[in-house]
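Before anything else, here's the structure in question.
Just so it is clear, A, B, C and D label the chains in written order, and each chain counts residues from 1 on its own.
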Amino acid sequence: MELSVKQMDPEEFGRQRQEVLTAWPTGKEVDFDEAVAYQKELPAAKVMAAKLAQGKAKGVTYAQPRAGVALISEHIELLRYLQDEGGADLLPTTIDSYTRQNRYKEAQGGIEESRSIGRSMLNGFPAVNHGVMACRRVVESVGVPVQVRHGTPDARLLAEVTLAGGFTDFEGGSISYNIPYAKDVPVENTIKYWQYVDRLVGLYEENGVRINREPFGPLTGTLVPPSISHAVGVIEAVLAVAQGVKSLSLGYGQCGNLIQDVAALHTLPLLAQEYLKKLGYPEVMITTVFHQWMGGFPQDEAKAYGVISWGAVAAALGKATKVIVKTPHEALGIPTKEANAAGLRTTKQVLNMLRDQTLPQTEELTLEEKMILRETRLILDKVLELGEGDMAVGSVRAFQAGVIDVPFAPSRFNVGKILPARDTTGAVRILDFGCLPFDREIRDFHQERIARRGRDEGRDPSFQMVIDDIYAIGKGMLVGRPRG
Amino acid sequence: MEGRERKTLVLGVIGADVHAVGNRILDYAFTQAGFKVVNIGVMASQEEFIQAAIETSAAAILVSSLYGHGEMDCRGMREKCQEAGIGDILLYVGGNLVVGKQDFGPVEKLFRKMGFDRVYPPGTMPEEPIADLRRDLGLA
Amino acid sequence: MELSVKQMDPEEFGRQRQEVLTAWPTGKEVDFDEAVAYQKELPAAKVMAAKLAQGKAKGVTYAQPRAGVALISEHIELLRYLQDEGGADLLPTTIDSYTRQNRYKEAQGGIEESRSIGRSMLNGFPAVNHGVMACRRVVESVGVPVQVRHGTPDARLLAEVTLAGGFTDFEGGSISYNIPYAKDVPVENTIKYWQYVDRLVGLYEENGVRINREPFGPLTGTLVPPSISHAVGVIEAVLAVAQGVKSLSLGYGQCGNLIQDVAALHTLPLLAQEYLKKLGYPEVMITTVFHQWMGGFPQDEAKAYGVISWGAVAAALGKATKVIVKTPHEALGIPTKEANAAGLRTTKQVLNMLRDQTLPQTEELTLEEKMILRETRLILDKVLELGEGDMAVGSVRAFQAGVIDVPFAPSRFNVGKILPARDTTGAVRILDFGCLPFDREIRDFHQERIARRGRDEGRDPSFQMVIDDIYAIGKGMLVGRPRG
Amino acid sequence: MEGRERKTLVLGVIGADVHAVGNRILDYAFTQAGFKVVNIGVMASQEEFIQAAIETSAAAILVSSLYGHGEMDCRGMREKCQEAGIGDILLYVGGNLVVGKQDFGPVEKLFRKMGFDRVYPPGTMPEEPIADLRRDLGLA
């Protein structure tokens, strides 16, 4: 199949489907028509797209945790706890890392060992191994919509099993679940894998079932300039809508500077609408997702609560449709259910207190918005140019050319030349532009801001400054200042 | 370490783990500290670590694991080193080694029993393993 | 002695001093000249005015807890813990409630019972009973400045003992430690008591020792409109400077709406400077104090962390010189030292992350500032008019006339007619103006804002709305909306 | 409670405690619930509570204490009621009754032993004592 942004043809989809559904025994549990019927029976309260539409209309920000363990009943207990004790508005099912790499045998080993020793040996829920009926038990055990969250480059079987299993939202995308999550998978391959996933969602849609799709906004979660994650979000939105997706949540990971974070939340849906329209796609529902601080956390729980709260403040003032919540155990690995619920309650307290407050439009906010809009457009227009109008082709070439370049990504298909650093107010700027297609004015803006920080700190901007920034939050600061 | 041959380390993130940021920082910090770093990156298997160590005559293998599967991913690594003829190589491991918040004491014991020479909890700064490595290699 | 804003005459001061120092045996430990010499020996790091000046110059916000227990060594242990484990920049010594009412005998009973049962039976440190040397042990045991915090209408002996004891900052004032802290004490009396305290501070000043004074900003801590607490703060600033005080921290208690809180922090020092200048007083150092949420707290610790963090955000974005920190145990009474340190660490994490960020000046912020300035000036000008130019005389008459009226105050010398309520964005407005000297434009502004909330909630503004607001934060909201 | 005589309560905050906000709310809530509230305000002594109860033939005394000295302030109150001839009056107490965070169980026990009929922890909403009072006075 030749790479193109166009909708997959039904024969190709059918051919792949046979292959996908036989990759692991649970694949044969998937019966599309029966799955459509099952999805249609779900009450509106359990359908993500319906709930997000409601929240968007009311202007509220929902809170959603991350959570997943190896065994079914423990996983259900965990989700119920987060719903009842944490007040989660939306629930996740986080998938384990073996499943993310399609290593179902190792996941099976993890399930069996978890059973025998009585604690989860997996860092998530191995949904493919558990199969369709187990997923339905999960969905039926809670009262709110459940989303699949993972990090899987080839999530075709996972999507087949979990959507047949009653999940109503599926995270990920061809770039956002490749570049930060894989080392050796070509972008062309993941675009094709995810076109399958999006086409599957399109088929549900054509059969009257709305599944929400959510590109993973934060990418590597570490000093990602908003224009880069926005460009990826818009590309994945276009690729998804081309396959028939009608409901999209676009994500963004907190940078830490309030003005920049609010500007990013404001501009993300505007850019997606703009490019969808420009490329002739129909209008779809777009909501926003704000990820609380994705970088290193302080080990101390009291300090972690401060970081969590600051993320909740930015989500509330930026009017995100939902916020993905961190926990006071973040620095220590996978949290207990109690810590997870505590992070939710802290977040909800802040969201509720700020529910009726906004960040007023100021010159500084307008400037940040303008810069994000201009930068993202320059990247996206270059992608379209490289692809001769085809976003799929252009994306592959953009990664080859470093026109899109994600900082700190493990993938060898990412050029990895750009270097971000904070300016003196904590906003993420670019120190080394690599091959980003930015004009003089934008470059001057970034350089001037970083130079100002250098003067404040009496040192030249360098990789040490970047390292200091990465460690900063863990040490109780946003900007990594030299000691003294 | 001027004037002496620089010692070689193999650095990587084991298993299905894709955490790349810390890997980049460790690479930078150990290089700055005067070591020759062979960085095999994320999603490295035990075999890749050992192969790289043999090829580069490395003095130590530094394993990171951030995603909680470290216990499964690291099992048998010392035995594989022995089979490959580098049974005495220094093996360090660090990160979020198990799923969930646990006391570090038992975790350290577990990995020491598996044959790791040093085990580091989450949040360790590079300075600590650098100092240990100098000591263990008689460079201090 | 006739009431007047003028500096106390030395004879009157001397006459009172004899009386004050003999009210409890420890009074005779006070030797002013020796105390001046002792204070002069303190290193700059332990002198509040010096440290505040430093913080103000650097633009940082310091964190200070509340803390006090019955026994000396336990109190020292507590303060050290808050300094070492909480990272407190400034320390307090909170005085127990018996001492605040000059009931030294009952305080003595509390000390003895605390000793015999091994836990503090008092809600603070009975500094008068412990005496000058004990206070010095406290000051010498820590590395940062220590302030006396209390709530004492007649704090003359407490000031004598604690200032001789090496404390370098003394909270309170004739209105702020009367109206919210007493039931039956005439304002005229407390003005005289506090003129004594301020004169004592003036005497230290004239002998080369700078003691900082801090009127208690939050008053009753419950829905106090900024203009009312600002008016009281300015009056107490004028009364203090008239007695020779040269360093003042003016306080404000968080209302919860970010724009209003930042506007309040911006306007408070401006108003004090304006009236000091207008009345012909010399320039003094003015810093600001922001009190994290003083109303009811959620019982759940995770939610409490959210409330604490939101207070830290407002303090940081409003660039307060210091913030008084709450604890995750707030709803449950006096916190353990661990909880107290946790509240500090959460606060400091937020302060550090926001250190280089500000809330940009916007139309909304400018409007709030304008309203606070206008309202406060109307109150203060009326006070001066009633006092025929004398702020002391005017204050007494202003309370009689309800020109100053503190909501929910226990004092029978407070008219208690005004009724505050939140508007739809959570800003504190006035529902019933009582006898406040506000003009049509201001009244219309408040009424219009509250009416908008009424429409949003489909109910008429009433006392029930006020009650809902008081309970709101404890229930996880800022605005007390009706159920549904 | 239409058509019946309204029962009188004495409400106040005991000791050197000046917390006035909750007092205002309780006054409003009990009045709304149909009781006649005699509010003696903050900083009330045991004697003031008892005196007010005798003068108004009150059916119950409701003591609040928010500042942690409740234990010392409330001791001997039942005995004083007995001496004053109203030994059987209902005595309720609530708030932050002791210094510091403590399990409520022992605190309740302590105050029950002191002769209080009902003891409420911090954060109790007015609805609860209102319902209890109706039950205890046979009005439910």
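General remarks:
Rule of thumb we're sticking to: a residue touches a chain if its C-beta (ideal position, glycine included) is under 8 Å from a C-beta of that chain, and two chains touch if they have at least 3 such contacts.
Listed by chain with UniProt protein names: A, C = Glutamate mutase epsilon subunit; B, D = Glutamate mutase sigma subunit.
Predicted model, so just to flag it, every value in this text is computed and none were measured.
Once the centre of each chain is set as its mean CA position, subunit A and subunit D turn out to be 54 Å apart.
Computed centre separation for the pair subunit A/subunit C is 45 angstrom, with centres defined by C-alpha atoms. Separating the CA-averaged centres of subunit A and subunit B is a span of 30 Å.
Shared contact sites, meaning residues of subunit B that touch two or more other chains, are absent.
Chain contacts in this assembly form an open path, with each chain touching only its neighbours along a single line. Touching pairs of chains, sorted by label, consist of A-B, A-C, C-D. Listed in rising order, the residues of subunit A touching subunit C in the complex are 256-259, 298, 300-303, 305-310, 312-313, 317, 341-350, 352-357, 360-365, 424-426, 473, 476-479. Of all the residues in subunit C, the ones that touch subunit D in their complex are 97-98, 100-101, 103, 106, 109-110, 113, 119-123, 151, 180-184, 220, 222, 295, 299, 329, 331-336, 339, 408-410, 463, 467, 470-471, 474. For subunit B in complex with subunit A, the touching residues are 15-21, 23-25, 28-29, 41-43, 67-69, 71-72, 96, 98-101, 122-123, 125.
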